[in-house]
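Note sheet for the following structure.
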Amino acid sequence: MTLIDHLPVLAVIVPLLAAPLCVLIDRARPAWLIALAASWLSFGAAILLLLQVTQSGTISYHLGGWPPPWGIEYRIDLLSAYVLLIVTAIAAVVMVFAWHSVESEIPSERIARFYAALLLAFAGLAGITTTGDAFNVFVFLEISSLASYAIISMGRDRRALNAAFQYLMMGTIGATFILIGIGFLYMMTGTLNMQDLAALLPEVSDTRTVRAGFAFLTVGIGLKLALFPLHLWLPNAYAYAPSTVTAFLAATATKVAVYALLRVLLDVFGVEFSLQAMPLNLILMVLGLVGIVSASLVAVFQDDIKRMLAYSSVAQIGYMVLGIGLANTTGVTAAILHVFNHALMKGALFLALGAIAYRLGTATLRDFAGLGRRMPWTMAAIVIGGLSLIGVPPTAGFISKWYLVLGTLEQGLWPVTLLVLFGSLLALIYVWKLVEAAYFKPAPANAPAVAEAPLSMLIPVWLLVGANVYFGIHTDISVGVASQAATQLMGAGG
Amino acid sequence: MRDLFGVVILFSIYSFMTAALFMDLDAVDVAFTEAAVGAGVTTVLMLSCLRLTGRWERRPKHSPLLPLIVVATTGTALVYGTLDAPLLGDPNAPAHQHVAPRYIEQGPIEVGMPNMVTAVLASYRGYDTFGETVVIFTAGIAVLLLLGIQEGPHTRPGRTAIGDQIVLRVVVKLLIPLILLYGLYVQFHGDFGAGGGFQAGVIFATGFILYDLVFGEGDARLVVPPDWLPRLGALGVLIYGGVGLYSLFAGKPFLDYSALAHDPVHGQHLGVMLVEIGVGITVFSIILAIFYALAGRARRA
Amino acid sequence: MSLLLDMLSAACLLAGSFLCITGGIGLIRMPDFFARVHAAGVTETLATPLLLFGLMLQMDWSLDLLKVVMIMIFVLATNPTATHATAKAALHGGLKPLVSEDDPNDTGEPSSKP
Amino acid sequence: MNELPGLYNDWVAIFLMMAGFYVVISQGNLVKKLVGLALFQTSVFILYISLGKVAGGHAPIYDPAIAIYSNPLPHVLILTAIVVGVATTAVGLALVVRIHEAYGSVEEDDIQAADEAESTASSSEASAEEDAKQ
């Protein structure tokens, strides 16, 4: 085996082993350099993997040399390579941004450990996307969650502590539900490998045990996903975490949860069982819609911008879940696309906010007054990110909304289409509030003089903004892979 | 119950009962771990926390109706789920048919050790165990990020934590070497009987915790300086990962121990031993670090 | 011979179990802290070795026997120590033993509260 | 075999699980919530271990004299899960300690009230400033 054959595992263990190195060295700058190098290496591995998968199909890697289902398998198909690419890309970009931001927000003697935790959170998420073993998902989920609780609690506000505790409670309940679900499935099939499960489940899918396992897995992932009625932990966690953490988690954590939902629903259980035998498509659709409308409404009334964007994230998750609930290929394509695009736009927005917080210390609506002139590049980035959030062409947000609307129309659900558009309208309102404050309000007289954000922050922000526009115009890559992955998923279950 | 001390002790008892139950269900390794972790470490950590946050709880004001409904719904769903489940002890249950037979029949031959749980843990599903080691390492990093760790003293302090408990001190002094010896036994005997790196690490850490509790601040910290502990934990993870990387560079998949020696079974044995040492080091140092972090806060407060 | 061993072992096990139960009852029913410590500590210090001895009589000469002996030594060392330490700590903490049988409120300190 | 005795192990585990779950969502004290969480997780372990039991089986340590072993796989999974459980508890306790230092209380109601007071204070401050400008 050459090194190329080891790519699936390298993408995960490079950050995983970089974390103890950071702790071993325990100096701020080397730790950052290690984190940076690890995330870019991982990103490189992810790009190569995606190329490999598009050329030669699904890759299976047997950890420990034991063939599945006895050993643990890493299984990279189109969907996982695609999500892995997003996660590693965001991590790589965020790491560039992190240096200044972390230096200003975290006590200096804890920076090295902070990077270690950030790397662990990242490695955990990458591990979930690549693994083909149900129990391994649980282990890596816990790695990423534990690290997330820690880095969220590092926010300067004391409310960050409470937010992290709430997240810990919800997250652990979710993880335990997932554990129960896996237990039920193991009880009925005797295997933990996802492909094996998919092959064995149809025989026993009529039993009550499998149905209950299905329900627990869905609710557990729903908790992690911040699906509408289970989203209460998310706004606070995102609002009070350090800027780097918010940008990273908002762009990746919920996306990986969506990936897990897709994997479990469509791959392990299969489309027929999940969306047709169980009334899940209806439930997902309704929850998605309620999530879109209610979270967008709440977002409109927020003063704290991080909080506003956090509620907007809940709404965007609603779009993705709605896409899955539509139960047709276009809908699933839209969901996968939105995973990709939303990571780009929320990454850009939260990073830009982080740059503002770096200069101003806070980010409430009234701090924004007159910022358009004082930090022109950062604000311009926020405007473009906001446009993408609304779904204005030619941004990436437009593409995913377009596919979603197509999907709803394909199912003949025009009221749903209207509600989706209504959600976009609400997004327009809250983004407009930002723009109005930044460009049309004079800076308060006593406003501190602020300079434009440093270059090491602007470059990552504009990289993501550029990606937003690029993937809005050149849709071959993002849409192409997403629709292929969706076809694969929908085809797998018939 | 308004007294949280009682709550914690009851939980400890519950944990111990669970361990006994696991023993009855043939899960010796799990019983061992549950007794050491659930009844031992968790209790100590919870009590250290109570010492800081106060022992009494206020009477809650909320109506219990909504939680009851949620719990009843979940419980019903679970009971519904078990209705089609295989019965207890049924040898024909699907869980025992598909994957498990290979572990039982081939495990002792392919991996070369009688304890199948260790074989599955460290070899067949070695990557899960690697993840587990990282989980405990993550928890250590998280606690240190939150609480920080006090630097150890450089000279031997005179004062003790618990007044004039002569009997206690003498007995503990006699016991600690035995505990540490037992920890080593468990570490290296894991291939043959119950035990392994994780349990050994916990037992070893317990020895130090006991010493710290009885002989007061500082003494135990002179032996293992607190600021070394996170690094030691990192080292353990790196040992485990290093074994994986070695096999990777030797042209075998990650964590394939058969790359370690010419004879695959011998390689498996060596690999399992090495990774168990990694696990042991990490668990020992992280558990001790978490305890120091919590107890250090108590002394400052 | 084996009948004798069996009977002896059964007697030990029964006595041990009986002491365990009485210890448990005492732990709940005794009026104050020190009496409870007495019930839990003193009774069970005898109960556990009795049970272990009963089991040892059933065993062959093997490694397991040695292990049980070691468990017995360990229990005999730790159990009284723990009881002693608890009682001493309680005394240090200001709990006074209940002396008057007639009036539990006599001691001032409500020592029956754990 | 009759269904009832064959499933009681699951039901006992479920009852314990739900007791833990109830403590988690109904109690206001954060330490107690963590105890509840640990209880919840430990009971799930019982469910797993009992599904690995084989009637007449022995502990899965190879011995030439034994033919039937219990299933080792659930044991391995639960070993991992126990570690995850203690890790979560440790992080939770550290958070509780920090919360106690920051808020002076570990009762959820107090903390919620303090948070809300802080939020409204900052927003009313904002509106007051706006009023002053106009």
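Annotations
Read from first to last, the chains carry the letters A, B, C and D; within each, the first residue is number 1.
As a convention for this text, a contact is a pair of C-beta atoms (placed from the backbone, for glycine too) under 8 Å apart; a residue touches a chain by one contact, two chains touch by 3 or more.
These numbers come from a predicted model, not from an experiment.
Comparing chain pairs A-D and B-D by the number of C-beta pairs in contact, the larger count belongs to B-D.
Inter-chain spacing, taken between the CA centroids of chain A and chain D, is 25 Å. Distance from the chain B centre to the chain D centre is 16 Å, each centre being the mean of its Cα atoms. If you average the CA atoms of chain B and of chain C, the two centres end up 29 Å from each other. Centre-to-centre separation between chain C and chain D, using Cα means, comes to 33 Å.
Residue positions 78, 82-83, 85-86, 93, 95-96, 99-100, 103, 125, 128, 131-132, 135, 138-139, 142, 146 of chain B each touch two or more of the other chains. Shared contact sites, meaning residues of chain D that touch two or more other chains, fall at 21, 30, 51, 73-74, 77, 80, 84, 87-88, 91, 95-96, 98.
In terms of inter-chain touching, the protein chains here follow a pattern that is not a line, ring, star or complete graph. Residue ranges on chain B touching chain A, taken from their complex, read 77-78, 80-86, 93-100, 102-103, 123-128, 131-132, 134-135, 137-139, 141-142, 144-146, 148, 230-231, 233-235, 237-238, 241, 244-245, 247-248, 251-258.
Within the complex formed with chain B, the residues of chain C that make contact are 74, 77-78, 81, 84-85, 88-89, 92, 114.
For chain A in complex with chain D, the residues that touch the partner chain are 135, 138-139, 142, 146, 149-150, 153, 158-159, 161-162, 164-165, 168-169, 172-173, 175-176, 179-180, 183, 186-187, 192, 303, 364-366, 444. By the touch rule above, chain A contacts chain B in their complex via residues 1, 6, 9, 13, 16-17, 19-21, 23-24, 26, 61-66, 69-72, 109-110, 113-114, 116-117, 120, 123, 127, 133, 135-136, 139-140, 142-143, 146-147, 149-151, 153-154, 180, 184, 186-192, 196, 200, 204, 207-213, 215-216.
Across the complex, chain D meets chain B through its residues 1, 3, 5-11, 14-15, 17-18, 21-22, 25-32, 34-35, 38-39, 42, 45-46, 49-63, 68-80, 82-91, 93-98, 100, 106-107, 109.
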